[in-house]
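In the two complexes below, subunit A is the common chain; its partner is subunit B in one and subunit C in the other.
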Partner chain A sequence: MTTAAQPTDVWEHELLLTGCQAVSHAVKLADVDVIAAYPIRPYTEVMDQLSQLIADGELDAEYIIADSEHSQFEIVKHASSVGARAFGGSSGTGWMYGMEALAVTATDRLPPLFLVGNRALDDPGAFGVEHNDAMSVRDLGWLICWASTAQEALEHVFIGYRVAEDKRVRMPMALAMDGGFLTHAQHMVKVPTLEAVKQFLPPYDLGDRVLHPDNPISVAPQVNEDWVMELRRQNWEAARRARGVIKEAYKEFNGVFGSHGSQYDNPYFTEYMTEDADAVLIGIGAVCMPTQTAARRLREKGHKVGYVNLRWFRPFPTEELRACLGRFKGVGVIDRDFSQGSPDNGGILLQDVRSCLYPLRGDGPNVINFMGGLGGRDISIDECIDMYERTLAAGRGNVPEEIVSWIGLRE
Partner chain B sequence: MIKRVEVQYRGVFQKTLGKYIGGDIVQIASRMGKVAFSNGRYSDAPERNGIPCKYFAFVSPDLSEAELEAECGSSYNADNVDVSVVVDDAMAQGVEPWGWHGIRPVNEKVGHKACLLVVTRRNHEHLLRFTAKKPQPYRLATLEGDASMAGLWVFKDDLTRERCLGAVAAVDPGIISIEAVEEYLLDTGKDADRARAARDAYEATLRRIKVVNPDQGIDWPHEIPVLPKWHEFEEGGVAIPAVKRGFKLGPRGQNRNDGFKHGTSKTERPVVRFDLCIKCTLCWADCPDECFDPTDDGLYDINYEVCTGCHKCADVCPVKECIVMVPELQFEDEKSPWEQHKKDPAGYIQWAEDKKGSTRIRYRHVTGEGVEKYKATPVPRNMDGPGQKEAL
Partner chain C sequence: MATTLPMIDYEKIKKVHDAPLEEFYTSGHRTCQGCESALVMRDFAKASGPRTIATGATGCMYVANTSYQTTPWVIPWMHTQLGAGGASAVGMAAGIRALMRKGKIAKEKINIINFSGDLGGADMGLSGISAALQTDYDLLIILYDNESAANTDIQATGLSTYGAVTTFTPSGKKRRIMQRRWKKNVAPMLAIGHPTCRYVATASATFPALDFMNKTRKALNVGGPTFIHTFDPCPKGWDFHPGYSRELGELGIKCGIFPLYEILDGKVTYTYDPHKKGRIPVRDYLVKQGRFAHLIDEDFDYIQGMVDTMWEEWELPGIAPIKSGLEMASR
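And now, the complex of A and B:
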């Protein structure tokens, strides 16, 4: 570990951290009360690091090893319901195993934060990245956000808790991070001071809904058709409101941390070299590294291409993304996930992007889809250049009959 | 044209009975060339002891099955029925199937000139002391009999099923005819007694149909809750305002959930002779619904609003004749019995013994062995027992 940057009143020091360790340090600074853990790679390193922080006396939190992900998530949910800031996490099929608890955490409108270290869904055994695990909760009332650097991962623990715990939102937060590329790579990460975090992240207050002997309430009774529509509507409104709350949170974040750290112009996605672009690729997570490099190289040769790095998947930034992608002639959607048998057999992100662009109809871009990087397969710069070229061609009207193509497949 | 029948039954003890009656109506109507189907009210909890539930049968002489399904099969409930069969007359006091539904009149869904058909040993006037006034006239028919309570998950084959079919044919032959009922029972039951029981019930019921005018019945004393709109209750609405913890000695001393009192689940209620009570606490400790309120004299008052009539207290009470189950329709209010006892101990004993009568009937709910009747042995007034001493 080194301390490269000068300490300020906002940034305490710079440490060499993996993505998982960066999240763990953020969990410490967020003053999390209850942590439930069950190992599965790549998430495991988060729990390892957290247990070490507790053993070293740096973090004072209840740390519970559960017997399975299902119990782990239930512990997190219940801790959240008694007013404890709670943290959990998992990966791949472990995440899926706890699905019942994940569903009810959302319908109970509780705001714990989970780190999803993206992992392929076994079988066969595979621990490289795929996004299906985190995306599996996309319809259930979850906030889902991807970090694409370790620094972003650290910062989004604070942003995540702040948005999730906001009275207008109160939804669980899945902070996702590409397994391997982000979870296990070490980078220099700026770690803020506790004071700065406190300034940004108010204490968790569940108000009248806190489950406590002094505040007896019944949570989740049987209600059937008499109430479920109204409850779903409330959740629907919260997910809509979350878009505004997210904007507020980033504005505040920029104010507190921005002068020396990250500046987020757009909370939902980051545009890279998109000005005057003819075609862009859009993707999620660590694939931004080769795609951005490829865009730079193509720009040097005069090709007008750019990259859109989507951060927030739920709530989906409908209007912002429609306005953004509507400017281009061709859009290539990179899916590091699969949705077998879906419309046009495309990936999950393709379906949402096309749905988002539908009101533009003929005025919108031509959209094609790339399936790539599954199971952690690398996506090379050259492959990104290939994707840009195909997207440029689609933008010129050469849309292939089969809009989905597989990148990096042995064929 | 659509004919709608509902069968109001007691959860689990009469579940199979309700289902059979609904299914029988479908099969008989089908034999008559009509289109029909049956379903249970899906949102019911028919596995819970005593909870008021419903089965439906829908019959049409002219609609296609698809149209009948669309009209009647796309809702968990039926808003207007031609015949409402009530197989336990204690439900005349009201039915509360779920939280937030409130205690609702048993005749709530009975439409204009439609018929409320009650299996009972009481007369029309007695039933009308409990049922709500309706703005339009309807018919009330009675079918003599006791509530046919079977054991858990089983069916008590005591001909109530067949008799109800005969009575339905009597009150509305547009649904099923008595001839079709007889033919069906002869074909399927292979026992002439079953068809005969239906025919007898048919004849008897024809003589026991009376028109109920809008001024007959009572002003409904129970508030029907109006459910809030989605923006009218706090978000995270899976958390409901809980019952505040609170306890003090005396009647209604424990805070309870007003949203679901549950008391309409009972067919019988426990009557207590406080003068015989030895203060053993067993009724209070064993009551699954925490109905017993400890009083300052060491006794245990019963809150009948929340008593589900499960018999547990009567079963565990070690004192003969101290807690006895009495049919619910002998009572017209849910006043605190302990307060009556305190006011007038001798009068209360007299009142309790009058209610209990000399015959004891026990429905063997669990075994389904049927009704057990026996003569009570009178127990003299106890002037020395712990309960009585302090009351005096």
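And now, the complex of A and C:
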């Protein structure tokens, strides 16, 4: 994804940063006005970093330590409603604690950005990654995007605000990253200049929906059965329009930053060694590391396998992913989440991928599902090789009766 | 960072005819006849004027007030979640401060006012209001207290009077009284718990006349985070004829069950002082409401006894449940 560092007018310097630290640099460059914090591992490091930036005078923003995640998210929401660019974040059960506020931020059509450092839901306590926290807002009108490197995390703060604040979209943005594996793993990160960021990210303008005495509007009155359908439909249309706005944003991003930085061929997902592949795995987040290594090793032995790293989960890239996965015979979906009692008792991503592929019917790939890495358990390269082999077999027609298998489970 | 913006210079309203004519809460709501909470809305908007942004937590002053396309609010208003009154005010005040400091909007004094009902202000939202009162933002939280979840079905809250019938606390054959919680003492809790909050008051929209409007203005003049708890008789929830709303407010204050005072920089002023004016029997207030129709003598005696304790034994009469006299621990 990233190329060697070459300081230019666009890139200020290159630093060794964790995912959280990279996001804090981006929040500063995005000239965020209001930050609300509440502690929970592992996302909390971004707030540690931001408070230091403010203490050192490097970032001019209001910094509020809330009394709960619910208050934290409401502070962010209401700051956004008066026209301030606002930033929040959380992890695991903290994200769930503020769920009511997350729902209304979307239905109020406000565009703050939240970092979700993915964490397993209690009980029992676990600090490691699971994706159920961020995925819990998947039906509510949120933009949800996963970064897989610290560089991507930094860049998607700019891309996220730009897409979320676009007047054709105006949806809140959840920038997710795997707890531990990305929030606290160090990568070399190129940090852009303020001028380059300004060129890409226009100021936040809520237009005639901003709350100010000069614009005396009433926001979110009681509508009941008279108007909810129409308002949900507006939300629906915004989510649909977001797909086009995302494409525009990446095109512009490549134009401003691309010559020496990330090049995004496809905004929604990245394909790795998929050309001429018989079978691919598809997953979200940091699992792209062992899966890509495993694909390389299998390719060396002549097996035609590849990996699809899904970045955007909402809006779901229906057509693009259907065209991509439709090329293969076998698709193995890796879920670092669970959806107990769902069709086939598979993961959340499985359900969306199968639904996306359904129009292909018999012409589409055979799809199987791997549940793995829950609670932050490592997914090893050997396990990835095993998953590829099973997906290759499924592609040849050997689809097991039980399509869901658990990877790395003690039995 | 303390307030550096010029304040709006509010004058004390001395006579009813001196109150501003302009209304910022007008037609369009569908609150009940005799609704004192609607008067709280009208009065705070009138007293604070047009350079104000309001947020309303879920409650009857959301549901009954603001139907889509018929808003009564002339000032900008936004709904906030039931437990988010404090956070909504903090978020807006923070946003406005940052935007002014960074030159993104014009510098001027803008009032940020949240109103929350008893569920929002005294139960679910208490933690968020507490946090708001720890900040240095200019914001006013108004707890409009009609002693039940008045829009939803008249359910008991942490502020319902002992003994009251609500849909969650009916009177039955086996148990005469289901509402056995004593009313939460919110304003003093917040005043005592937040030493940097300069102004906390209790009020009634209509008694004494102009008192609430002037307390609103005083809160905005004092600046920083401030809090007012209003006592709002509710014809529907309390079961009385709408013509008696104002009178019930007056009786509630005169019997001492709802003390009226303000605390400015720690100094308490009784704005209705029962020490000077005496207290009427609590029974005179209770028997005018259908929600207490099932009470018998011993219940009235119990409530009267509690109110007497408030005024005769508490170190800060009617305010803080600490009894006078320090005793050293026995050795």
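Throughout what follows, the second predicted complex is superposed on the first by the 405 of 411 C-alpha atoms of A that agree within 3 Å, B and C clash if a C-alpha of one lies under 4 Å from a C-alpha of the other, contacts with A are read in each partner's own complex, and residues count from 1 in each chain.
As a working rule, a residue touches a chain if its C-beta (ideal position, glycine included) is under 8 Å from a C-beta of that chain, and two chains touch if they have at least 3 such contacts.
Owing to the predicted nature of the structure, the values given are computational and were not obtained by experimental measurement.
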item: Fit-or-clash call for subunit B and subunit C when the two complexes are aligned on subunit A; value: clash
item: Partner chain(s) touched by A:305 [first = subunit B, second = subunit C, both, neither]; value: neither
item: Touched partner set for A:208, first subunit B, second subunit C, both or neither; value: first
item: Which of subunit B and subunit C A:286 touches, first, second, both or neither; value: neither
item: Which of subunit B and subunit C A:75 touches, first, second, both or neither; value: second
item: Contacts of A:217 with subunit B and subunit C, given as first, second, both or neither; value: both
item: Of subunit C and subunit B, partner touching more subunit A residues; value: C
item: Touching partner for A:238 - first (subunit B), second (subunit C), both, neither; value: first
item: Subunit B versus subunit C as contact partner of A:227, first or second or both or neither; value: both
item: Colliding stretch - subunit C into subunit B, listed as 1-9, 109-117 or 235-243; value: 235-243
item: Subunit B and subunit C footprints on subunit A, overlapping residues; value: 211, 215-223, 226-227
item: Interfacial residue positions of subunit C with respect to subunit A in the complex; value: 50-53, 55, 62-63, 66-69, 71, 73-81, 83-84, 86-92, 94-99, 101-102, 104-105, 110, 127-128, 130-131, 135
item: Interface residues, subunit B side, partner subunit A - complex; value: 43, 45, 76, 98-101, 227-231, 233-245
item: In the complex, subunit A residues that touch subunit C; value: 31, 33-34, 36, 60-62, 64, 66-68, 70-72, 74-84, 86, 100-101, 104, 203, 211-213, 215-223, 226-227
item: Residues on subunit A engaged by subunit B in the complex (per definition of touch); value: 107-110, 170, 208-209, 211, 215-227, 229-231, 233-234, 237-238
